[in-house]
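My structure is below; once you've seen it, I'll send some questions.
Note that the chains are named A, B, C, D and E in the order they appear, and that numbering of residues resets to 1 at the start of each chain.
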Amino acid sequence: ADLTLVTDFGVNGRHAYFFVAQEKGYYRDAGLNVTIVRGQGSADAIKKVAAGSAQVGFADAASLVLARANDEVPVKLLSIVYQQPPQAIFALESSGIRSARDLVGRKVADTASSAVPLLFGAYAQKAGIAKEQVSWMVADGASLPAVLATGRADAIGQFTVGEALLQKAVAPQKLVRLAYKDVGLSYYGNGLIASESMIKQQPEVLKSFVAATLRGMQEAFRDPAGAGQILNAAQKQVDAAVAEAETKAVAELAQNPEGPMGGISVTGMRNTVDTVAGAFTLKRKVTPEEMFVPGFTPR
Amino acid sequence: MKKSTLHPAVVRTGLTALSVVAMLAVWELAVRSLQLPQWILPSPASIVQVANEWRQDLLVHSWVTLYETLVGFAAAVALALPLAMLIAFTPLLKHTIYPALLVLQSVPKVAIAPLITLWAGFGVLPKIIVVFLVCFFPIIVSATAGLESASRGRMDLMRSLRASRWQTFWRLRLPQAMPQIMVGCKVGITFAVIGAVIGEFVGSEQGLGFLILTATAQSNTPLAFSALVALTVISIVLYYLVERAEKLLVRWSD
Amino acid sequence: MNLPYLDPSLLAPPTTQTPIFHVSRVSKTYETASGTTLALTGIDLDIPPGSFVSIVGASGCGKSTLLKILAGLEDATEGVVLREGRELDGPSRDVSIGFQEHVLFPWLTIEQNVMLPTEIYGMPAEASRQRVQELLRMSGLADFARRKPAELSGGMKMRAALCRALSTDPRVLLLDEPFGALDALTREELSLELLRMWEKARKTALLITHDIDEAVLLSDTVVVMSPRPGRIVEIIPIDLPRPRNEETAALPRFTQLTQHIRKLIFSPRKEAA
Amino acid sequence: MKKSTLHPAVVRTGLTALSVVAMLAVWELAVRSLQLPQWILPSPASIVQVANEWRQDLLVHSWVTLYETLVGFAAAVALALPLAMLIAFTPLLKHTIYPALLVLQSVPKVAIAPLITLWAGFGVLPKIIVVFLVCFFPIIVSATAGLESASRGRMDLMRSLRASRWQTFWRLRLPQAMPQIMVGCKVGITFAVIGAVIGEFVGSEQGLGFLILTATAQSNTPLAFSALVALTVISIVLYYLVERAEKLLVRWSD
Amino acid sequence: MNLPYLDPSLLAPPTTQTPIFHVSRVSKTYETASGTTLALTGIDLDIPPGSFVSIVGASGCGKSTLLKILAGLEDATEGVVLREGRELDGPSRDVSIGFQEHVLFPWLTIEQNVMLPTEIYGMPAEASRQRVQELLRMSGLADFARRKPAELSGGMKMRAALCRALSTDPRVLLLDEPFGALDALTREELSLELLRMWEKARKTALLITHDIDEAVLLSDTVVVMSPRPGRIVEIIPIDLPRPRNEETAALPRFTQLTQHIRKLIFSPRKEAA
């Protein structure tokens, strides 16, 4: 079957395993012909999947909660890749920021589509600061390293998997990382999504897609350097070394202490929904169960 | 004069209003009949409802965007006219200025976002710069074409009077170029509004662009569309204001 | 001087003053994408200060071209043009031009159009306004001072353009068929008005006209040009007494002169035909 | 004719080249003297080096963007002219068509990009649509202004001949509007190039916009800039091609 | 008929044919932002088929306005205009107009400009081209067929515009000062040419002119108008025998008529002054 896969944002080192699955023929073995296209943020990826421009996607679970609650977008999760919260706030060492408390009264910038500001409320609560004491600015993704390095903002939001790239950009200055998972937050990050109609009509295709992707992940985590090269060969502008570093970071996030790689549990999902509900006023209450379809990942 | 007893301006405004209403009706009908989900295209009704809830914020954000638009547009006009004048004075200058303008024009403003934030930070300045960059080109191209178009006979008259370049500019070139300058301004003002939003996309804490981005990210599509509607209203109003200015400034025909 | 019917004693004595315009062996070729046109060839002409010179000649013979060369608006392709002894380098504020096509600015009122030269010259506004008012009255446009050119008839536009040429009271006046679009009466009135003005102030004037009577009535000298390419066929001194007026046209000498010119213009082509 | 023995076209091209070289020199010097880090503004030298390494890809991506630009621009011209004609035929139509155009024009294309991809999918079609939307407005506004500007006297001549609307259009309005239409096209073509890039930002696997985005995401700033340079070159070349077309089409003066 | 010196036997018998134009109690007021102008008032005029009518009158008296009303280009503010018995509703292809200002399209060559009406009428290209070539030759523009209007002199442009008006061989010809910018010779040549063409084909012609001799030489009827606001002062039947030519101007009756008209035009204003 032909499948178009839309990423959460761009094609970066953190997506290497999709290309591993592609290049090593795992998709082909599963009878799939997968085309990988760039997304414009999780919200956009979710809409594209809902509209059928893409059949499968890679998007943030929190964004999906919002999409289902506010816009009734008929999309569900099939599998969770980032079992841990990937969100983090990065500052320069020179800014004097060392912990969440130092963020008080500071300006933090991130893209509008990022989940970092979306879930900052939850982070602030866990870290014991008032979320109103930090001001957020919207900035274009491309300008974020510049914003940070030139001090236009005191810190920026970024996924932990982006650390290698960011470090490269602001070198020689050193980065301070305030990851959401480090204050004990536990909710799902990004996962594989599909539309409800697709799930109903072609569950088998989706199942083999998830399985092949997980196979790619395993292979990539086993050999991050190899994954980096594969991605670099497919997408020349992605540096192999950066891709290797990002793949390692993904491997860290993909650890699932309670189950198999890629697995989804109602408890995990409830944490996610509650975290989002705590940070936003949702138009509609979302149940953890409606967020995903079970049975697409190995138990 | 003959059939209608209505003032033509009333007819025109009526037609404009009518076509806007017609568009809204088609939109509402399309959404209902095709049962388009709201995350694809919310219905005008739902947008109005959300816009009403958010009217305070919409006003504040609209004001910011309007301000950026007007300042950037004014700056563009204020710079384009003297530059066009300079080009009209020394035509060879065109071939050194235009390449630079083309470079500025052809670079997508979003692509040089890091540069803009680097130099101008957040705040209104970078948006004004983007507005300026976006609407400068149409204005200067039209203005230059207009200023260059003085007819042989009229130029001969001014030459025979040994009018200075300034005098020729003020008394012949500028009035003659006015209709074309206004065309440039009409095109420019619509791009100016977009420019403000693009500027806000690059980095901002307020403005309709900010609202559109954050609403989209939070899957509040009706809110994003109500911001788009506010944007469109600003654009249409500004366009017709420029057209009004044109009517006041160009009161002659050949 | 092969004009046996001229009384030599009536001729002006050869002037020793530097001529306002000295034209020598001038020719003009227009080169355009669609071809070259030889408009003027071998033109020799002196215009002494204070004289009134008319040019007559067939349509397309190069009269306007010659006027534009004297005005400094066109360069001669060959030959020398001196203005008061010095090489001509472009237009001068002493020289006022009435163009063949009226060239009124549509965005200015008639009054503003007529005032334009005085404003560009920086002449005192009040005095100029009075002079302009007087000119407009004289040419029957007083009621139309506040109108735009588009609201005027063809002849009225020509009159406005004439007023503009006169508005600065120039030392030298170059007029290209200023009365072309006017009816017989208005034409006569205005040309006599011009004659009066000139006889009072004795500025230098060059007039292109199609009306031979008018040329003879007004001028010290009439220059007759051949059809394209324009050459000077004859330069005819007009030995009629001054001041002149309507009655001058009744003199037998007047008829003699106009008929001589008419013959000059009409015969060569008639013979060729 | 007098002083220079060079053909004016040579002088003009020389000046253009000179000013481009001057800009590059200033840029290189600025980067070196201010010691700007490369991820903010790479030096021309480093861009050239990277561009050389990537020349194959740059060519391929440029070709894609060029193709989208040209098709979208051609579509915009092909639609703007008939519509402007329609407006010239029945002036009241202007007040129903323009509001719709203003709506299309004032919506930031990036903001409705998701809608466009929803309807047109991936591939070149959505980019062509964005190009079209971006450059349509300047062309139609200029064309309408040009077509409307036929002088009273000329219109009277055509009326006295009982020329049909079509004949009046082809023989009077269009040739007379040509200079203004070309101004619209000159402005339009530069926006068309930007439009292609914006379209590619929204979703694409190739093209200079894709290259800019992915290179930026990877902090490969010199590569992003070499794509920007390619874009600028395309823009300048297309602009001067339109100007050449103008010279060929408008060979008369009033 | 208060013209005692007219020989009534020479007058054309009252025609029973429907006039080409019947104008009755027509007046015209222009209203613009800067004011209203009463251009014509109380105009009554019949133009029978096959007749040649000239209009003379002061500049700005409303001649062009009247012509535009007959052409269907301007609406009369008051009164009735019938064209062959039917209410006028806009221009007609039978009626060809030579405008006072030449209105040549600068993007077309002279030949293309002159061919424009024939193309718009869809007349056979080859025949029209021959006719146009003939017209251009007749008006001395053969060498300039491929040139653009900007390369022509003022008079040449007027001639090209006249050729254009004649290019479709129209049933009715309305000419607004077609010879205004022409020298005496060219003017005479062209007007005689027009006379010959008209006498051959007996189309209907209306000519606005400032030249009283020309009006009398060419016309069946001369209409004399008063200065603004334009009224008809007198409609003068011209009882000179046809065919006419240069020699006609030598007849005493010719001088009688021209002097009568001159008096009509010149006296009222002179008295007022």
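Quick note on the criterion: contacts are C-beta pairs under 8 Å (C-beta built on N, C-alpha and C of every residue); 3 or more make two chains touch, one makes a residue touch a chain.
Labels paired with UniProt names: B, D = NitT/TauT family transport system permease protein; C, E = NitT/TauT family transport system ATP-binding protein.
Source: prediction; values computed, not measured.
Asks: Enumerate, in label order, the chains that touch subunit A and subunit B alike.
Replies: D
Asks: Counting C-beta pairs in contact, which two chains come out on top?
Replies: Looking across every pairing, the one with the most contacts is B-D.
Asks: Please work out the Cα centroid separation of subunit C and subunit E, and write it as a whole number of Å.
Replies: Their C-alpha centroids are separated by 28 Å.
Asks: With centres defined as the mean C-alpha position, give me the subunit B-subunit C separation in Å.
Replies: Taking the average C-alpha coordinate of subunit B and of subunit C, the gap between them is 51 Å.
Asks: Using mean CA coordinates as chain centres, what's the gap between subunit A and subunit E in Å?
Replies: 86
Asks: At least two partner chains per residue is the criterion; list those residues in subunit C.
Replies: 101, 148, 150
Asks: If a residue has to touch 2 or more other chains to count, which residues of subunit B qualify?
Replies: Within subunit B, residues 40, 110-111, 114-115, 118, 152, 201, 216, 251, 253-254 contact more than one other chain.
Asks: Residues of subunit A that contact two or more other chains, please.
Replies: In subunit A, 44, 47, 51, 142, 145-146, 150 touch at least two other chains.
Asks: Pull out all the chain pairs that touch, please.
Replies: Applying the touch rule to all chain pairs gives A-B, A-D, B-C, B-D, C-E, D-E.
Asks: Under the touch definition given earlier, write down the residues of subunit B that touch subunit A in their complex.
Replies: For this pair, the touching residues of subunit B are 37-40, 110-111, 113-118, 121-122, 200-205, 210, 213-214, 216-221.
Asks: Tell me, which parts of subunit E touch subunit C in their complex?
Replies: 30, 32, 34-35, 37, 56-60, 62-65, 100-101, 109, 140, 146-148, 151-156, 158-159, 176-177, 180-187, 210-212, 262, 265-266, 269
Asks: Once bound in the complex, which stretches of subunit B touch subunit D?
Replies: 11-13, 15-16, 18-20, 22-23, 40-41, 92, 95-100, 102-103, 105-108, 110-112, 114-115, 118, 137-138, 141-142, 145, 149, 151-152, 179-180, 183, 186-187, 190-191, 193-194, 197-198, 201, 209, 212, 216, 224, 228, 231-232, 234-236, 239, 253-254
Asks: Across the complex, what residues on subunit D touch subunit E?
Replies: Those residues of subunit D that touch subunit E are 153-154, 156-163, 167, 171-172, 175-176, 178, 250-254.
Asks: Enumerate the contact residues on subunit E facing subunit D in the complex.
Replies: Touch list, subunit E to subunit D: 68, 71-73, 90-93, 95-97, 99, 101, 103, 105-108, 116-117, 119-121, 148, 150.
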